[in-house]
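These are the structures in question, set out in turn.
Note that chain A is present in both complexes that follow, paired respectively with chain B and with chain C.
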Partner chain A sequence: MEIPYIVTPRKDTGLFNSKIAIWLFLASEVMLFGGFFSAYVFLRLGADYPWPERTLPVLPGLINTFVLIGSSVTVVFAWASLKMRKWRHFQIYMGITITCALLFMVLKAVEYNVKFHHQAVRLTDYTVVEGHLGYEKENGEYVLDHHGRKIEENMIQIEASGLTFSTVRHHKPWVEELITQAEHRKSEIKLAADVKGRTEEGGRDDVVIAKAGEPLSLALLAKIREAHLDARAHNGALRTAGLRSEWKKAKTENPGKRGWELASAVNVDVKALDEAKKLLTEFSTVSFKVDPPARFDFKPRDVREGATQSRLRDDTVIDGKLLPSPMVFHYVDAIDFRHLAMKAVEKGQDPIDAVENSWLVQNHAFAREAWEWNKAQVAKLEAALLKDYGVDQETGKPKREPTAKERYRIDWKDFVAKSDGVDRGKGAIAVKEEFMGPDYKGREAKETFPEHFSLPREQVRFASKFTPAWNTYYAIYFAITGLHGLHVIGGALVLAYYLFFGRKMYDSNPEWLANRVEVGGLFWHFVDLVWIFVFPIFYLM
Partner chain B sequence: MADTPEAIRKSIRTYLLIGGILFAGTIITVMVATVPALDIGHHGFDVWDAILGLAIAATKATLVAAVFMHLNHEKKTVYWIFGSGLFFVFWLFALIGLAKKDPIHDPFFFGSKSTTPAHMTTPTRR
Partner chain C sequence: MSAHATSHDDHHHDPGFIRKYVFSTDHKMIGIQYGITAMLFLAFGFYLMMVMRWSIAYPHQPLPEWMSWIFTDNWKARWLQDGKVTGETYNMFGAMHGTIMVFLGIVPLGFGAFGNYVTPLQIGAPDMAFPRLNMASYWTYLLGGLVMCASFFMESGAAKSGWTNYSPLAGFADGQIVNQWLAGQTQWLIGLVLLITSSLLGSVNFITTIINLRARGMTWMRMPFFVWAMLVTGFLLLLAFPPLEAAGIMQLADRVFHSSFFMPSGLFTKSEGLADLSGGGSPLLFQHLFWFLGHPEVYVLLLPAFACVAEIIPANTRKPLWGYKSMVYSVLVLGFLSFIVWAHHMYMTGMGAAVSTFFQTTTVLISVPSVVIITSMLISLWGGAIRFSPPMLWACAFIPMFGIGGLTGLPLAFNLADLHLHDTYYVIGHFHYVVAPGILFGLFAGVLHWYPKITGRYMSSWLNHLHFWPSLVCMNIIFFPMLLQGMAGFHRRWYNGGDAYLAKAADSTNVFGQTVAQHIDMNIWMSMGAWTLALAQIPFIINLFISWKTGRKVESDNPWNATTLEWATPTPPGHGNFTFDVAVYRGPYEYSRPNRKEDFHPQWETPDNSKSDH
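What follows is the complex of A and B.
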């Protein structure tokens, strides 16, 4: 079958068909990205925390902008080459375009990767600390867990004496993990008491399903779970049947009355059912003891810790003492008091006082030192701005003042400036740092970055890597750039198809291929167009 | 319309020129955002920086759309299709204004004493 209007325009639209199609698609894309950009504006205007403006390293974004603009030019050239019937030129330009797409994605991957390995924590008083977590060490050697992996110094450690599982909700991999952790600590998890009850209607009510002392296993939990589900189904059916007959009775005894008038009088007598030995025993939870009590490590996101009792996300209750489980930063990249200052202003307090009374400044010598240093820098900046721009005649205030970021955020570049006489980094180090963040090893001077920065668990309000979970800025950043990245991949695949499989079409009908490349190019320009907005909005504002 | 090989050969220079302008525009955007001497408005980022940055971005986007995507000499059908997409995006942004101007203050969420949350009454200017 011949496809119509691939080269010649249709009379009514004046265009070949695929061009109409791509513009319809681009119109829908405009609305899709428009939705995300408006979400960005909405999130930014409504943010109840200081928006992290100009927080991303500019250089990778700038290079990516150049790469995309360059590829936009080459894709036009590729199309023009086809129109002029120069196959070799088309190959070269299209090859450059696809190389640019690959380069873009590699840079994007580096950027994402750096964020996913970068830790942030918000303390209870809204101080934010950023950096990299360390691993547990003993006598200079890394401590390995039972999997042979290094242990991140961000684990919740509990000296557990008892575990209570939800028979229906327990997460199997976590149960297995608990078993192996107990083995590793030379402890055993055993059933605390006999699991017994009524398993059939009219039967004895002390039928033992599992004996006290049986070791924890998935098979054991499955057995109890099965008994529980059987009992629940049985009891549910009994209650439903009872309710149905009660309703029938109430309806016949009170003709003409509405359902809602009768509802409060219609009930199932559960107690009577139980006394008649009709109900079976449900086992919604099952308790184990840890013998002897042993230390278990949990990832912070999996557990809600308490002094004597903690709970996993799968409703497993852990009885036992919470051990000191500090969060230890191997290196700190930034100390940010902006959120704390904002909260202080909201409460009508002096933000500087709030910072100076913050837990971090009070308890960490380095933080105190850095804060004092930063205060002096801000004072210098204030004086310089006053000298350069003067005072506003109407308000009597200086025309230009340091920003909140300058006042309250001390980041790694400040740490570098603070440690006087430090190796400021040869060109290569400085460029690498623009992509990967501070190069702790490349900068030789000691005490540039605070090491082994310990934060007690009770001071931690929320911790996360720089993922969408950290705040709405990163959520919308990953949403928009991720979606854009998918478009880059999709566009590159289509253009690569024309490059590698287009020769046959070129030989049979070169104009057809030219039109296809034009349409693919239109999509590619659109991808560039989106990035033209993404770059200033996320990197520079 | 730049469809004949001769016309295309002529427009190659235009494409190069536009590419150059796009590169230059990007450098200007970065410079006004990072070089203190070029900072307009207040010190640091503020509404003027946003307006300037977005104005440059919009100019660049217009150039890409007009020249690379040939919107400067397209058929009416394309304008209608693309325009309708832009129309909806415009109203989507207008909705934000509406949401800011007429917010929902839920006393259950924000507490019965204050109907307006503190951060909404604080002037947003930094």
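What follows is the complex of A and C.
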């Protein structure tokens, strides 16, 4: 059996099979990206925070645009070479296409990597601080954790004296983590009291499963879990049987009555079961003590911290004092009051007052200085705009005013200008602007960026790296560019397959290979087209 | 065709057990695989529903042993309380019942099984355009289904936020699980993405096959209605599913990367307090993306059933399908309109009058092509010499049952009525009438109709009667009271069937409680109906397997004396399907031509070889 129209087009449709298929597939892809682009519009229009505009480095994006356009041209040359049966030319053009794809992905990877190392925090009053987190130091040396890694100064630190695990829900890697953290702090986690109870029907109710003082281990937890699950299953079956017989009795005693009329009176007599020593002891939690009490570090997202008791997401309860766990920035490269100003306007307050009463301006000397400097600059800018553009006759307002970004966001370029004593827009940038943003390692940077910017934990509302979690802008940015990147990788793999493994088919059936390259090329054009939309909406708008 | 080395050659000679029955690229075997898998999922979805019906009818009584034996003691202790179905378990079963029935049961049965088996045969093609893609499609579907169902055995349990999986509810569900990849809600999303991938591969394959692999003479207007319906279904899957895939990926990101696509600012829950999220997302966006698939999906379910019934009626009335052309145009219009009605599922979100008017108008419009199709089928019966063969029995029941389902949908199209009926049992009654006694009956008809071609034997008519009549009665016992309960205000997600709202005293001033009291006892009858319906499926299962070996053998390759091309193949069709060079000379439903002695004129019979003197 042979499927027709794999190589030669069908006469009445004029198409070979895979050409129809790729166009259908692309239609589906249009709907997929359409879903994401609709999401972009929806999220941007509905954003209840200042949508970050033009925050991505334009130059790498622009280069990528031309890289992709170029590769779309070469892929057509590759196809045409095959049609003309010029294998060597095909190899060259396809090689260029794949190199372009690689270059694209490298630039993309660098761009992503910068984001993943960039920290942002939103304070309770909606002030936003951006920069890079510091690492714990002692006597000028980095403090290392039990893994030998530097400790980021964004951890929740708790001096724990007791730990209570959920026997069924504890997350094993976290338990191991707690054990090693305790070892590192030269402390021990030991069972607080004997775990004992009734383990068989009619048996004694003080059978010891684990003795007080046994050190925490996964095996110990597994043993207690086993006993708990056995007891739970046993008791469940017993109670079910009890309830069943109660219902049977109730129904025979009250013929004609409906279920809901009897329900309140029909219950399983748990107390009687217990007194008959039929129920086994369930151990839903098990408590350990930390001896001596030691400091544990937790990632903020894993723990719900409290002054004396905190809870991990796997229901582990930590008894102990919450240590001051400030969030320390090594370099701050932006202080942003736009969100705060927006909230103030929503509440009918004066945004300038709100900024000046914000916790940061009130409590941080550097922030206050920067804000005062910025205010003066904005005043100068306002005057300059008024001078250049004049006043609108109808409204009586200046034709052009500083943007919200200019008014409320103080970023690293401003810090540099401030330290250099130059006016906004006129000073040369002293910090070398690297391809993807400021150069943090340069000598100048150290003098202009505020170091060790410490924010108390209770002021932090939400913190994240520049990942999809930070806000819906980054979420949709990563979603669309990530999906596009996967398409680039997928397309490049297919094209590379034709390049490296196509020779055999070229020798036996060159037309078929040409068809495949044509189809692959159509997909490649689509990938390029998507980028043509992605670039303006994320990099320019 | 040019000669070239293909991998298909090795299929000719004894492909071996694995290649023939497991990793088969033959569209017929893949169709059968789809069919069996889908029926297993349907049975599982049915079971979940039986447990739910217990909770609704007898919320205070332990689940009886004949339903709970399937669970381990440990599972029971985790998910039942003193043997009673808990609200959490009910939610889980409800969400998975819907998901399984729609995504893993009906669609794969209608489109995957019937579409795969019958479409290439009906257009005279040797196989699908991309046989290996076809195989990939099946295995991706199976993997997606297993991933979803495996989550029943995880600590988190399976997904539990409704089959619609609305955020932010779905975004928070299972949030306590540290490794989110092993949470039921996440598994649901992964399964969904796999299922969408599967249907993408399938639909591309179907459409390409129909466009490019039609036999000589098989012009568009000579295609059986079945093929038209599959073509439109293919386009619906191709274009409607991707936005849900986008939504699935975004919700997945919300779960594992803690983004806030669908999570608004300031979310506060009892267990977590103020959510540790950036917020700023839009729950409404999820609903839009979901229903952009969700509504075309209704027609993805429905069209294969239409397709089967439209083939069975002419073959059993011995007259052409009435209004073939208008049915074809209707199904195309239906396909198009189904893309612009989705927000009628969202009237409760408080959309503006202009938007709501638009969607009310399109929704009412879409009933026109549906009614054209169903009316054409009804008129096709008129004046026919009806053979009440086993498939015809189901096809005849399909028309009124689907009619009830369709017409009860009209009040839901209007904002005014929908605001009252939204999320009540009325909606459940409406769409179950469409899907269960409607679509499923159509698909049962299809099984009986093509079974002789697949196996070379008829299914037992006696067992079929034993299956059909109780099913017809039970379906109505279950679903008709739902319409009444719904109008009385019964909410669709009450796990205890309204017990919590009941006014127990006859003189209570609680008006709603009194209404609930008047309707709550229906629950018991409906549940009894549901369990009896389960019993009624046993004859079918027996029939399906017993007849394979012991059924009455077919007398010819065309046992129903039908006209379409699948009956021109050997029984069962071998690899490559046709043993002669297929050409088509006439339309698909040439029955009872006055100038012919025989009451059917197959599409493949050459005109000069006409057997009018036969």
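In this text, the second predicted complex is superposed on the first by the 508 of 541 C-alpha atoms of A that agree within 3 Å, B and C clash if a C-alpha of one lies under 4 Å from a C-alpha of the other, contacts with A are read in each partner's own complex, and residues count from 1 in each chain.
Note that contacts are C-beta pairs under 8 Å (C-beta built on N, C-alpha and C of every residue); 3 or more make two chains touch, one makes a residue touch a chain.
Owing to the predicted nature of the structure, the values given are computational and were not obtained by experimental measurement.
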| item | value |
| --- | --- |
| If touched residues of chain A are counted for chain B and for chain C, the larger one | C |
| Contacts of A:T13 with chain B and chain C, given as first, second, both or neither | both |
| Contacts of A:A27 with chain B and chain C, given as first, second, both or neither | both |
| First, second, both or neither for A:S38, with chain B first and chain C second | both |
| First (chain B), second (chain C), both or neither touched by A:D414 | neither |
| Touched partner set for A:M541, first chain B, second chain C, both or neither | first |
| First, second, both or neither for A:D48, with chain B first and chain C second | both |
| Which superposed partner A:E159 touches (first chain B, second chain C, both, neither) | neither |
| On chain A, the residue positions that both chain B and chain C contact, one per complex | 13, 15, 20, 24, 27-29, 31, 34-35, 38, 42, 48 |
| Chain B partner contacts - residues on chain A that touch it in the complex | 13-15, 19-20, 23-24, 26-31, 34-35, 38, 41-42, 45, 48, 53-54, 58, 62, 65-66, 69-70, 72-73, 76-77, 80, 83-85, 345-346, 385, 400-406, 521-522, 525-526, 528-529, 532-533, 535-537, 540-541 |
| Residues on chain C engaged by chain A in the complex (per definition of touch) | 1-2, 4-6, 8, 11-12, 57-62, 72-74, 76-78, 80, 82-84, 126-127, 129-131, 155, 175-176, 178-179, 200, 203-205, 207-208, 211-213, 238-247, 249-250, 253, 257-261, 265, 272-273, 276-282, 284-285, 288-289, 292, 499, 502, 504, 520-521, 524, 575-576 |
| Residues on chain B engaged by chain A in the complex (per definition of touch) | 3, 5, 8-9, 11-12, 15-16, 18-19, 22-23, 26, 29-30, 33-34, 42-45, 49-50, 53-54, 56-57, 60-61, 64-65, 68-69, 75-78, 81-82, 84-86, 88-89, 92-93, 95-96, 99-100, 118-119, 122, 124, 126 |
| Complex interface listing, chain A residues touching chain C | 1-8, 10, 13, 15-18, 20-21, 24-25, 27-29, 31-36, 38-39, 42-43, 46-49, 122, 168-169, 171, 173-174, 229, 232-237, 239-244, 247, 258-261, 263, 266, 268, 300-302, 304, 313-315, 462, 464, 467-472, 474-476, 478-479, 483, 508-509, 511-512 |
